[in-house]
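One chain, chain A, links the two complexes that follow: it is found with chain B in the first and with chain C in the second.
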Partner chain A sequence: MSEPTAATGPDVEPDFDVIVVGGGIAGCVTAYRLAQAGRSVVLIERGEAPGSKNLSGGVLYSRVLEQVFPDLLTSAPIERRITRNYVQFLNATSSVGIDYQDARLAEPVNAVTVLRARLDAWLAERCEEAGVFLMPGVRVDRVIREGGRVVGVRAGDDELRAHVVVAADGVNSFVAQEAGLREKPPTHHLAVGVKAVVRLDERTVAERFHLVGDEGAAYAIVGDCTLGVGGGGFLYTNRDSLSVGVVLRLDDLVKRGLRSTDVFDHFLGHRFIAPFLEGGEIAEYGSHLVAEGGLEMVGHIHTDGMVVVGDAAGLTLNTGLTVRGMDLAAASGIAAAKGIDEALTSGDTSEAGLAGYRRELFAGFAGKDMETYAKAPAFLERTRMYEEYGLLLGDVLHSVFDHDLTPRRHLSQVVRSELKRSPVRLRDLLSDGLAGVRAL
Partner chain B sequence: MKRTSIPERLAGNRYVTDEDESHIHVDQDLARSTGTGKRIVAVCPAHVYTEEPDGTISVEYAACFECGACLAVAAPGALTWHYPRGGTGVQFREG
Partner chain C sequence: MKIAVAYKWAPNPQDAAVGADGSVDWSRAKPAVSEYDPVAVEVGRRLADATGAELVGLSVGGPDVASPMAKKAALSRGLDSAVVVADDALAGAGTTPTGRALAALVQRLGDVDLVLTGDSSVDAGAQMVPAVLAGALGWPALTDVVAVSGTAGDLTVERAHAGGSQVLHVTGPVVLAVAADAVVPRVPGMKDILSAGKKPTEEVPLADLAGWQTAPVEVVATAGPELKVRKGQVIDGADPAAAVTALVAALRADGVL
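Let's look at the complex of A and B:
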């Protein structure tokens, strides 16, 4: 037997061409595309079924997933098509928002809400139809390395070997960490999302959010919803429920000494949020980590015998107005499948042979968007976003609308005097404004 | 909406508890000396961790959402946390 090499791996005939660890969006797309290309693929999922460990923390910008599954919008368990985006500065007793509703967002469909336990199960079913061997209820304990490269995975007493292992195991990605591709991220690059699914009837959802048919609304909220902690609140309409919760940057949560559950309860009980939830019941309560580091967190996404996709690769984006992850996961799955397929054809699954994945990812919108918003995480760490600006806006508008029988002043004078009363200094405003323009 | 306690909320979730093995272990000395104990109590949305009157951290591992927030704020060595065995732990039905 000759020595294994980085390019080809060991002489032992592998069980599969590709092992995908994790049955979320990135893993399913990678597995599906490779099976379509005629490769033998096993998809390992630690949950009872794909989706059972996953939570959606936002809307799915769906066009990219439609490239893989053209019947997505008609066949997949989609909750609502998002036609209304509400961006809100929420203060304790005031709220200022931009309500953007647009019929063009429905045709063609741009974004949808999904519940992951249902969507991921559907994706995995499509994978099985395409010939992927699905192994649910199996936790991968570690990767197997031989001759300096990844050659497979170990789960309990079982070993599985493949030419390429795909780490699609989510934001904690123990598999990618163990392979030496990722470090433990710093806490200012991580946020905890705490979410409830609140059951309401379909008609109530439509009425409360001014929706027709299967149209949906997405609220991105900043300010008092997190008691000033870096992060924000969210509210998304599903068919007959709402996904509602907070995303809290861990460094700031710890620094302020707050309990995540107290912040969550404060948000749900807020005078401007509680009316949406009235009469509802919490059907499910959960949490999930969110990577907030942007491009800086992506780092190494391929090595000899392995690639990393989706959340595991740090592919999430918060641009202040939009929060993305699922579309980037799908894009990375498409790019990974292409890179792996080419590597398998050429017989070189070393780091160099798999480099097509990274090239493909950064040639497309997903990688380019990560680069475009590379400065967004640092901008969003500026603390005035989470308290002072919302209050300033509320106070300016209060001065405009509160007719207390004092003579009216021009808007510019109102702004100037409110700015004077606010802890925000003009140079903060200019500095943050400039940084915002550059970052977002 | 009626405000519910964390245990009441957890009762609505589906769990398959691994009765044989906890996936979480706290090093009590390190948890205390590094402040990890108080941090993991504060960040965990499922209230898995409780600080007992004697200062030790008790662990209700069956309630875990497996998000990893505790591990992220823990000092090295103070917390051993991995995913529970395949097919066990929280099983989201909505997601």
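Let's look at the complex of A and C:
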């Protein structure tokens, strides 16, 4: 028997053209597209059913997934169409927000809330219809390498071989680490998300957030919600529940000696947040790692016999105003399927043969957005965002609205004097402002 | 010769929510092969291997019983083939229609002298189906079975019994409900799941089954157990000595001590 080569892969006849490890959005899209192209694909998922290991979802910018599933909005388990975005600086006793509501966001649909336990199950079903062999309840233990390339995976005593293995196993991608494609990410590139799904009835959700029909609201919150830890809070409306939680940068959390669950409890109990949740019942609760490194975390996403997609490839974006991952996952799945299909056709599944994936990814919006927002993570590490600015805004507005019978001053004077009282220096404000404009 | 194993595609109670009024919400519960049924499959597999019999899985329920995921989940645990009835009329069916439908399926299958079941279903846990199934077939049923040997139609069966065990010799067809700890079932590997995808499965239309719907037993209502009213008396433990004195006094006052 001849040694397998980097280009042609295993000498043994493989069980499948492609093995996809992980049944989230990136994995399902990759598997679905390849099955559509006539490739034999197995989708291995650790959970007993796709979605069962998923801690709900959040906001999905849906257009890209609609390219794969044109009937997404009518057939998939979508919760609400987001037409209202609320950006909030939350202080202990004051709150300043921008309430952006727009009918144009409803048609065509731009963003929707989803619960991943439901969406992933739907995606897996579509994969199965397309001919993907679904293999739930299996935890991959090892990547098999031969002749310097990836040739398959091992779980327990069993091995499966394929021309290409796709690592779609999430932020802490064990498969990509095994293959030597990724290091464990540094803590300032990681955040911990703690979230709950709070069940309310449909009417209460609509009333509390001023919503009509299936329209929904998404709140992005900074400040006291994280007790000043880098990160933020979020609140999304589902059909008859709310997804609510905090995302906390690991290094900052550790530095401040706080526990994520205490920060989470503080947020839910906040005087301006608690009324939204009143009377609700916690249906789900949990925590998860979130990649926050931006472009820096992407790094190598393909090697001989393997590609990495979705969260596993570090494809998440936090721009301060929008937090994205699911749309990038879908885009990477589309690009990976195209690159892999071309590699299989040409018979070269080496790193060079699979390079079409990276080219395709960075030619599209997903790769370009990662480049556009490359400076966002560093900007969001500037700590004033999480405490001082919210307080400053609150104090300025307090001076404007609090008619305490002292003679009124011009707004510019109010701002100057509040700035003087605040620890924020004008120099900081200008520097942060400039960095923000450049990074975002 | 065939050995049949009845299994249930049941929602996982871990995902069920019990309301304040005792009602159970199963809507978020993901289905799986009912927890104790793989034990029956494993017992059946060993017996079938020892006697050269074919091991056939039988299941009745709603449409998702026939989903590729449900079939693979069952077949990957060691069955040779599966025969299922998947119909809206049987979604969430109670023990009587379930037992009767399974009996009709056993009769339709033919050449069966042994039907194995799990101890109970993970969702309802009524422990009724083996008896209903056996009754409908006119066969004996034995529960709490921990070991089986011999060949179908001529079996030695060991049952767990209070304070010991009971060994019975059974001739003729029989329904055996296997104890949850009789054997440790195998965890399906990737190759098991792959080969499960290639195993034959037959879907029988409900209309082909006779007599399943004549149910002399009807569930009138279900209710959670009533909670006893407790006193809810809390003793402050800041001073341990004082707390002990207060606790003893309280227990004496209520006649516990």
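The criterion applied here is as follows: the second predicted complex is superposed on the first by the 438 of 440 C-alpha atoms of A that agree within 3 Å, B and C clash if a C-alpha of one lies under 4 Å from a C-alpha of the other, contacts with A are read in each partner's own complex, and residues count from 1 in each chain.
Everything that follows uses one rule, which is that a contact is a pair of C-beta atoms (placed from the backbone, for glycine too) under 8 Å apart; a residue touches a chain by one contact, two chains touch by 3 or more.
In this text, all values refer to a predicted model and were calculated from it rather than measured experimentally.
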item	value
Which of chain B and chain C A:Leu134 touches, first, second, both or neither	second
Chain B or chain C, by number of chain A residues touched	B
Chain B versus chain C as contact partner of A:Asp15, first or second or both or neither	second
Touched partner set for A:Val323, first chain B, second chain C, both or neither	neither
Touching partner for A:Ala283 - first (chain B), second (chain C), both, neither	both
Partner chain in contact with A:Leu160 - chain B first, chain C second, else both or neither	second
Partner chain in contact with A:Glu48 - chain B first, chain C second, else both or neither	both
Interface residues of chain A shared between complexes with chain B and chain C	48-49, 52, 117, 136-138, 155-156, 283
Of chain C, residues touching chain A in the complex	17, 28, 30, 32, 68-69, 72-73, 187-194, 197
Chain B-touching residues of chain A, taken from the complex the two chains share	46-49, 51-56, 115-120, 136-139, 155-156, 171-172, 174, 184-185, 187, 190, 192-194, 196-198, 241, 250, 253-254, 257-261, 264-265, 268-269, 274, 277-289
Complex contacts: residues of chain B adjacent to chain A	1, 3-4, 6, 9-10, 12-13, 16, 39, 41-47, 65-69, 71-73, 82-87, 89-95
Chain A residues touching chain C - in the complex, by the definition given at the top	15, 42, 44, 48-49, 52, 117, 121, 128, 133-138, 155-160, 283
